[in-house]
């Protein structure tokens, strides 16, 4: 069992037993942590793996949440059936938005995605087609029913979010060990070399977008279920900045890195409410300091993920 | 089909300046074709045109009889034209095995959903892929370094990894941009053997090289260019004694200097 | 980190368990923006609640039990409000005062409803009573009441023929703007233009230049003073010859600072401010507040919340029980309960009825006079 | 027609503010290839500093020209110092680090300045006195220009021309341009890159400070998070003009101001920002180097 597996299992074990110890208020912080961790992992596919400077990730999170809210509240669809739509819509929107700009380099891409996020906020606030509910958002989302059981307790929602996290980690593990996942790393590390090895760069970048967005979309659905409400400010540009910073402060494509990042950005503020006034100042300073001391993040990724039979025998060299 | 690569009257300009001017080159399968010339002659620009990084303004490039002029690099690579870079472009943080795996990308048959669900097809394909990597690591004597990040390797080893990576794609045309640059004498001898044995697999090889001993030893045919223009063409012994070539090289810099036009 | 998290979670939950076990106190929650943009309002709500609770405790408490106040900061954010609701329910409160903004109130409503906890809020959004939760009643007056009054003033009193209605995008302001547009149309007034500005962009000249070409009689703005003051200043700078009427959130000293000399002539429609409330309870409580906290409440909203709390206390004492269902239905049947902000009457759906408004006009020297 | 010209004036006024701020972005990007996300917050900071100096030293009495010049100069110096400090602490240690690290550091620095302002001056709106400039307004056949607007337009134009001359006609300007084109080559030519970067931050911050003061004087209301919005618009302006290009930033600022005014005036205030960003994205797709920038071929 390698280091990474140990950390993953230990983390999941702690998270699995948390509801036994925490009361409802802490449970809802726990749910928020799980949901945001999933979103951060999905951003990590786009930013950390494919290396695309995506600063509009809150859009896909928001598309998922609003898809669930709109289909449930306006069209009366059961929550559970809204989730496939959340996945598909998020992926489609991701490809439609990123498609025309996928060839843009670094900073230019980043700026374009900032633009998309601000347009997205405005679309939500302007109550487009009378669907998004304007600045109020949408209230009164139903509870989730699975096989006729109503799952309204926080514990139930916690385990839904926890299940989603496990699925996300499973997908990421599979991705990292596949042709597509490796292609993303190659593109990230050297785009020209990747191209010259026959990798269709825009195609794989869009694949990363579609996959990342659809995971963020499901997380959005769970978010909508948790609060039984959605509103534009949860998906604004500042949220995207947070998801962007989480990945890079924690460490790109690194599981513990993303967990640490999410914990610092979303859970610590709940624990240290007395620093509320100055907490963004402290965050900002921490972001600067982390980058200076550890430019690749607190816990950078390590490579060398190859089958056993290829590993050199110990003492061979 | 006689030629694996046919470059016909190709020209490339950069903001009005001629980088390569009306070049015509034909490469046969299994042939080792040398491109030489002083710094800034446009040799790497020619390679960039062949591999699709640049699109030439004039002329045509055919690979196995098919026109590939202006095609995107990944399509050209998928067809079987692979390359190495003058300033080694490996995925530095990644291991030797993972780097070589990059070359196998076009051969792997995995679909997008195999990155989410691993079924038996995936397992078979993945095993085949890594077997190929293993084979290449053995061929290049890199097995002991399988997990080492390529950034930590010596120059000579890095050059070998880059060639192994290109070979993993089973190319029919291999383009080597100064493969011996920065290598010591022993490494150069080893490299010469390797290139020779690659050409014996009926792979056409095109190479830029400044090490004249190596070029004269290794290549079957040579084109000499200067200021983007062909100044001589022929078998090594002919080119070597061609007065135009000697003239072009007089007053030029040390032969190991970086070619400025090619940049980083 | 993780262990510390669990440990503190454990510690917290055990504190809560033990405090629930003590039976001779009852708990009342305050859900308000203690920090953030509306911190002064939120803190004042908390202050006022504590003032009234301390008074009650000094008199022997509620049905013999001492009242304990539990405050949760929702930062005026819907997401935080949902967490607060759960925290307060867990702390064992039987009633919650707040929150200040409609959005934060609405996000918490269903949690209180499911747990049978009373909630009263000053939020003015019409949607707050849409779901008719029996646990909820409003202690202020809805946008609809203000918009009817405003429409009446503009169309029938001032006889404006060409009315421009502007708002920002916030739920409160856009809601009041829409309601005013509807109220004006309902009494056959003429809306020339209904527009929105983005709060905080500071430059409204393009919108105003466009409006200038329409030659309106009046510009009504339903947003906040931070934008209203600038809107007025830029209106005067562009020499748009129209009256300016502002909704309640324009009534703030900073409006005049921002608009400078241009403020003169501005008309503001608001609930009566605390200083001019004519009721005996108002004199008593506001002087007590001033004495204890050394300042006046920043607006009427902490005061209406105080009335909400007083109504709940009245309900407990009259029904002699902490059964929230009984208290809620008692509050709905009270007739003219003497509130600090005037007679307190709650309709079946939780709406407070009997709204009173005041029309102010700004004078040259920055003071305001009551017109109506 | 009057309305149209009035909209033009409205647009040019706000456009010249954008241009002043955009210059800071474009100069830093030109030399360091870094989006200085904290620049907008420096602009907000300058407005607060200016306000504090105004109220501390002069009360709310009407100000003489000399006093105004002193306040503007003092503020510029303070903000320039902050700019240099920002570069030293947050950017210089990261000059050789991965690109994204510097981006995160810039975002962090932006948070620090923004919330520092909040801690110093409080979360509530601070308000500039309304009588810094006379409230005169000139009427040209129905088109109105206020005294303040005139000062903004005139002084911005003056500053931009001065900067243009500084960059193109002085030795330091030449060194800045050389560093922007190729830092390594500039170093070999004996140019002290650290010094150039410092000059860039001083000049950029000073222009931003003047912009911030104008914002304070013209719009009066200051909020601690206002820098973000001006920064974003100015940054878009820099990209429209071609980031790295100084005349581009000026042109981009003015065009963006005009574009915003025309959209809000003639099409929709509801969707004004959406139109701005659609314009931005179209420019990025069609002409990524902006109107006055030029494309650099990818090197292999």
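So that you can tell them apart, the chains are marked A, B, C and D in the order they are listed, and the count of residues begins at 1 in each.
As a working rule, contacts are C-beta pairs under 8 Å (C-beta built on N, C-alpha and C of every residue); 3 or more make two chains touch, one makes a residue touch a chain.
Computed from a predicted model, the values in this text were never measured in an experiment.
Undergrad: For which chain is the distance between its Cα centroid and the global protein Cα centroid smallest?
TA: A
Undergrad: Which of the two pairs, C-D or A-B, is linked by more C-beta contacts?
TA: By number of C-beta pairs in contact, A-B is the larger.
Undergrad: On a CA-centroid basis, which chain has its centre farthest from chain B's?
TA: Chain centre farthest from chain B's centre: C.
Undergrad: For chain A and chain B, what's the span in angstrom between their mean Cα positions?
TA: From the centre of chain A to the centre of chain B is 40 Å.
Undergrad: From the C-alpha centre of chain B to that of chain D, how far is it in Å?
TA: 48
Undergrad: For chain A versus chain D, what separation do you get between their C-alpha means, in angstrom?
TA: About 33 Å separates the centre of chain A from that of chain D.
Undergrad: Can you pull out the residues of chain D that are in contact with at least two other chains?
TA: Within chain D, the residues that touch at least two other chains are 270, 273, 298, 300.
Undergrad: In chain C, which residues are in touch with two or more of the other chains?
TA: Residues of chain C never touch two or more of the other chains.
Undergrad: Scan chain A for residues touching two or more other chains and write them down.
TA: Within chain A, residues 126, 192, 277 contact more than one other chain.
Undergrad: Looking at the complex, which residues from chain B come into contact with chain A?
TA: Contact set of chain B toward chain A: 51, 53, 72-75, 77-78, 82-83, 85, 89-95, 97-98, 101-103, 105-106, 108, 110, 112, 114-118, 122, 125-127, 129-130, 133-134, 137, 143-147, 149, 165-166, 169.
Undergrad: Please name which positions on chain C make contact with chain D in the complex.
TA: 36-37, 39-40, 195-198, 200-203, 205-207, 209-210, 212-213, 226, 229-230, 233, 237-239, 254, 257-261
Undergrad: Given the complex with chain D, which residues does chain A contribute to the contact?
TA: So the residues of chain A touching chain D come out as 53, 100-101, 104-108, 110-112, 114-116, 118-119, 122-123, 126, 192, 241, 244-245, 248-249, 252, 277-278, 280-281, 283-288, 290-292, 295-296.
Undergrad: Per the contact definition, I'd like the list of chain A residues that touch chain C in the complex.
TA: Result: residues 14, 18, 21-26, 28-29, 32, 125-126, 134-137, 139-140, 154, 226-229, 231, 233-234, 263, 267, 271, 273, 276-277 of chain A touch chain C.
Undergrad: Please output the residues of chain A touching chain B within their complex, sorted ascending.
TA: So the residues of chain A touching chain B come out as 171, 174-175, 177-183, 185-186, 189-190, 192-201, 207, 211, 303-307, 309-312, 316-317.
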